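The following pair of complexes shares a single chain, chain A, combined with chain B in the former and chain C in the latter.
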Partner chain A sequence: MMLGGAFIKDRRTPVYLGIGGLLAILAACAVELKTGRPLLVIDVKDMLHANSFNLTFIMVALGCTLLYFLLNGRDFEKVGPHVSEYFALIFFILCGVSIVATFNTLLMLFLGIEIISIPLYILTGSDKRNLKSNEAALKYFLMGSFSTGIMLLGIAFMYGGNVMGTFFINNMNLGSGPMPALIGVGLVLLMVSMSFKVSAAPFHFWTPDVYDGAPTVFTSFMASIVKVASFFAFVRLFESAFGTLQSQWQTLVAVITAATLIIGNLTAVFQQSVKRMLAYSSIAQAGFMLLALFALNDTAKEGLVLYAAAYSLATIGLFAVLVKMKDYTVDGFNGLSKQQPLLALTVTIFLLSLTGIPLTAGFQAKFYMLWAAIQNGHHFWLVILAVLCAAISAYYYFRIIQAMYFRENSETVMNEWDITPSFKYLLLITAVLIIVLGIFPNLVIDWLHY
Partner chain B sequence: MQNLGIRFPDLLIWFPLIAGLACFIMRDEKKSRAWALFSSFITLGISVASWLNAGNPELNGLTFSYEWLKYSGVNFAVSLDGMGRLLTGLTAIAFPVIFISTYRNSYKNASVFFGLMLLAQSGLMGVFCATDALLFYFFWELALIPVYFLCSRWGGEKRIQATFKFFIYTFTGSLLMLVGIIYVYLHTVPTAFSEHSFSMRAFHAALLSPTEQNWLFWLFFIAFAIKMPVFPFHTWQPDTYEQAPAATTMVLSGIMVKMGLFAVIRWLLPVFPLAVVHFDKAVIILSVIGMIYASLLAMKQDDLKRLVAYSSIAHIGLMSAAIFTLKEVGMQGVMFQMFSHGINIIGMWIIIELLERQTGIRKISELGGVAHKAPVLTIMLVVIALANIALPLTNAFVGEFMMFSSLFSYNVWIATIAGISIILAAVYTLNMVQKVFYGETVPVTALIRDIAWHEKFILAVLVLIIFVLGVFPKPVIDLTLESVKAALTRFS
Partner chain C sequence: MSITEILFWFLTAMALGSAIMVITSRSPVHSVLWLIVTFFAISGHYIMMNAQFLAIVNIIVYAGAIMVLFLFVVMLMNLNAESEPQKNRMLQFAGLLAGGCLFLVILASLMKATETSSMVQLGSGNEGLIKNLGKALFNDYVIPFEISSVLFLSAMIGAVLIGKKEKAEHDGN
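Here is the complex of A and B:
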């Protein structure tokens, strides 16, 4: 039993220290998974619990953060002068991610979610001179604290409602009979607050504004690692605490999933700004990830980890390119393939992966989700809806591909001086990773079976 | 014979793939073009070798598969049966033909163009060889992606919209099929090796109730119907054919539409026999409506490409109707016609391409009197056009005759209505020949020169195939006999 590792909290950490620290933690996780023996034991009274599932997820999150640092490290400077603080805040978030990945009690879940959220509020508002950034931060903060309140209330109901009088999610023994009113209320409240965190409809309204307003480098982090971590918490919470009651809340989740898929995909179609489009697409992808919650079987759990990796990689890659663009509209991508063929190629791979074309990680992830949902056997209409929405998503993802390859533009579309060879190679590595995961998803899934 | 580790299905898939990837690296237009042609000949050689070794199951990989994704039981399982050999053969013949006939066309970024063409070939080969459902799905999509880029990048004026429509259509269909595949997978019988399996044999033995079969049937059939295309899923086709670059149109109409027919025979009939019997009439009626509708539209077309596109819908409609008669003779006809139609329509496209390259015009009303200037081209065209309307002694006659006889024994009325499309085909094809090639010479055609030697050669090869198969169809029919029987075993 251990926390993903001790986290660096010092304030003046330059980029290299951040990367080095990440590598160390990553290595520690890998060693622990392989050997099954913890390296560092902190007694947390069983409030955190690590198994191969949790640890693999933490590794995926850390790995993606590593890539994120490598790709975006230099862009932090453009946001403001406090580079080291941004790194520190992101490490705080990572600490929260590890907690929500391993939590064993509702209190730890709350703590983890808050450790993730508070630094995020700051990061959203970090571009102090930008009015939109301030507005987004305020909006996010208000809505976020509201959902936190709801979550606390839910936790209180759960505590009062279960016969064992415990916060431990494994010991609640809710049984499978009709649930008592208190538990029912607690469950719905928790579902609402978690839906807010993962931006599931109808609690998604903050997402486009916040993603749009926040500095693009941080949107990238928010939309990728933070998002999948919240999902992971969502699924773990409902699996451990409410797994036995699945038949009673499944329809509710199905409705939320359907709404998320429809709203996310349909709205994304009409966006002109790529950044906003990606915000809606993240809602749409959340809809697909909700299928894991809906199905809640072993396939779903494996699929979720895979989805986390596939989605984070593609999103981080896309945002890394977006940061360098002069113009965030779809037309801003016109003619990119002529000016930066390699970047255009990698962006294409990211988009294909998000669409779910075979041989990319995104396909394997979607495949697992569909598999899990069909295996579940209930609400088959949801699966059909999901694939129809995936077809719609092809429409807006391919618009960018069309802009890059089939339309011309005489002006330069990127800030050329920003693009170093190492940046290009890193993007290429990310793209290759996506394809490798698409062909051999077992590279990730094998870790789950240690 | 000892297994030397060389299996034809593997070679047919991997060779074009590697050749295509190699093509991307080349910078020089001439080099990449020559390389593409060269590699397509090698693929043809492999294919011919696989025909010659038809009796050797080891080399054709009847029993071979690699484990790919161990948790979901996906195998890289490929094999070549008679039908597979026929269609991989068609693919292998088509590509050199396409490359030679468009040898003079020059492309921007030629290396990328030829690379994508070869990738498409690899995907098509994979579709025809795969015996694992998920692998089949992979190749099904992989054949689509290069074609999407080819059409959008090198196509005509309205290429982006047209291709996008095509892409969204087929992608939606494929996703529905994916849902179907996973559903069937979860109902396969557990074996000693894995709980469920995607292998074709497991799919054939899947435990599905009649109701489940009924709606699964449509999930699969819509995907295939879009690809073929069968009415009412055909609207992408004329636009895409019109806008795509000539070489890609040939791939699309010559080979890719066969994917749909092939998939129906390979994956639909044996897996959902009850549903097939239940819906056979519905599909046949849709197909026949499509035939008449497309033929009527073809008569109205002034654009040569659109005319051929609609005539293709009519031909495919007949094939899809014949499949669902579930009779051996009809099925044989379909097999034969899949091959013949591929050859004939590629021939048609080559001629249209040659005309358009010289005159820049595809409008029937603006052309005329080509025969005086280009006699060889005209002779070739007349032969191919006659094959298109299935005159005796041409290859298409054999196939259409078998399909119609099967339709007649299925239902006389349906067959009679479908028969009207033959007359309509004669009307629009001969009308086109008359207006474009005979009649008065108009200024644009006055400058036309007859075709070059390599174009003559390639058209002559096609014409030769048309006649040889028209007179002597037995080799092809023998080749696919087993596959036909296998496809129909669950209906006898």
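Here is the complex of A and C:
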């Protein structure tokens, strides 16, 4: 059931072939989920394992990527001449995403994370003329390889520490007693490196620089699908391997979550550039997704899939608009509602969803997360903190809405909009999807129970 | 003390000592040379654990190829004391603190570890031999093996993408 293998063929293709391949894989995934029978059976020696939860997640990721291609496919040309290579790299990343979604051994986790990271370093630096892009790529590469090293060290400790001497996360049999020393070290090292990958505080320092420096089209992909996939790997790893030890690492996760929520939200308030603000807001959203790791129950799993869909859709939509803007500061949005009423409307919906206003998908996702944390029963203060932080986030999201609707564009320089009608319709579809998911979250969650 | 034990402690001391020399030597070229010594000591350990293939690959790939590449880069960069950026005292101190904390945590947890396995494996065990390694690689571990080809392919494409000369008409992109 090697879903990843299918992606490799799609190298060196123009946009349409990319979209076509994606549709084919999406269809294969859906068929497998519905009928429970894969189209293509490959003996993977139990190293990859797919159940309805994983497949639903892969489908969400693929669906979001499809939307991403449709919205941004033509903007790739602005970055540089090697459009087909960019597509190839994104397909490699997707291959990595499906590996980290289905991995069953630490070996595959490592490979998946690396397949995601290495193309990302390249995409970050793909705007070769731009010094900021170069700087971001170098920073990301250095920090990223360092965290990979920490992860490998952690995996080595896990391998040496568990009685069975195995990489398989289900067979480690760690029990629920006090941890052996080696396991403890391995667990903390793995937690550190995964927190780095999902940019949780205090390992978040690379995020603003990298998101800001990378070409905006690729930031969109990085901030949405890749981030969510890393989260999925994080939760899967800690659920399968360390689930029985939860009481021992839960407080640590609670502290990381709290730090992520506070730092992400408070720093986002002070940002002038919308792109940078979105980078901090993605840290803040990561805090919410960490609640799933903290709670680790069925509600949390449902919530994570829903959060993945809601967050990715809103982020992709928002960045797609941002790509078209000339001025990335908040003032750049002044008077948008006069020039492009439809665009302003969709941006408003995306922002409302990120804030978590009822009737949007973001609200349902946040609701599921908080509910999962309450069900868990420990550390109730974390829930209160999360709600407070959601309130803070309203401030900086609403600032953009206010700029769009209530401020005049003081400058006479108008943005030249190269927007096709199809782009507008796609944005509208994205926004409608967010609202539909907000009203009927079961549309996604029901897939889990096939 | 048997000869293998003497060898073990000798190799250990060599690995640790040369690793410390790598980070303390002033000249980067010396650092690289010390690193080669470290690799050789570790290869010695591999041989004592009866993993010949790993030992040879370690020497050929790391001590041979990668280190030569390192040396070339260091020489081409033409580093000298004047061009080095000023180091901030506070930063050095913070780095020391952070590294020390990590070291302490790992050390503390390892102090409690009681599992001691045999330090050498002589004449027994044949898992490190090429034949068995190949069998394991293409039977049990064929999926990771194939998947890593995707990883290398993406790295290759990336290298080409970054190294390629941009054409003039794409100026300003």
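In this section, the second predicted complex is superposed on the first by the 434 of 450 C-alpha atoms of A that agree within 3 Å, B and C clash if a C-alpha of one lies under 4 Å from a C-alpha of the other, contacts with A are read in each partner's own complex, and residues count from 1 in each chain.
Rule of thumb we're sticking to: a residue touches a chain if its C-beta (ideal position, glycine included) is under 8 Å from a C-beta of that chain, and two chains touch if they have at least 3 such contacts.
Model, not experiment: these values are computed from the prediction.
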item: First (chain B), second (chain C), both or neither touched by A:Ile122; value: second
item: Which of chain B and chain C A:Leu48 touches, first, second, both or neither; value: second
item: First, second, both or neither for A:Leu443, with chain B first and chain C second; value: neither
item: Partner chain(s) touched by A:Pro358 [first = chain B, second = chain C, both, neither]; value: first
item: First, second, both or neither for A:Glu302, with chain B first and chain C second; value: first
item: Which superposed partner A:Glu114 touches (first chain B, second chain C, both, neither); value: second
item: Chain B versus chain C as contact partner of A:Leu345, first or second or both or neither; value: neither
item: Most chain A residues touched (candidates chain B, chain C); value: C
item: First, second, both or neither for A:Val188, with chain B first and chain C second; value: second
item: Contact set on chain A toward chain B in their complex; value: 302, 352, 357-359, 367, 370-371, 374-375, 383-384, 387-388, 390-391, 394-395, 398, 402, 405-406, 441-442, 445
item: Chain C to chain A touching residues, read off their complex; value: 105-106, 109-113, 115, 140-144, 146-148, 150-151, 153-155, 157-158, 160-162, 164, 166-167, 170-173
item: Chain A-facing residues of chain B, complex; value: 69-72, 134, 137-138, 141-142, 145, 149, 152-153, 159-160, 164, 167-168, 171-172, 175-176, 178-179, 182-183, 185-186
item: Chain C partner contacts - residues on chain A that touch it in the complex; value: 2, 4-5, 8, 42, 44-45, 47-48, 78-82, 85, 88-89, 92, 95-96, 99, 105, 107-108, 111-112, 114-115, 118-119, 121-122, 125-129, 180-182, 184-185, 188
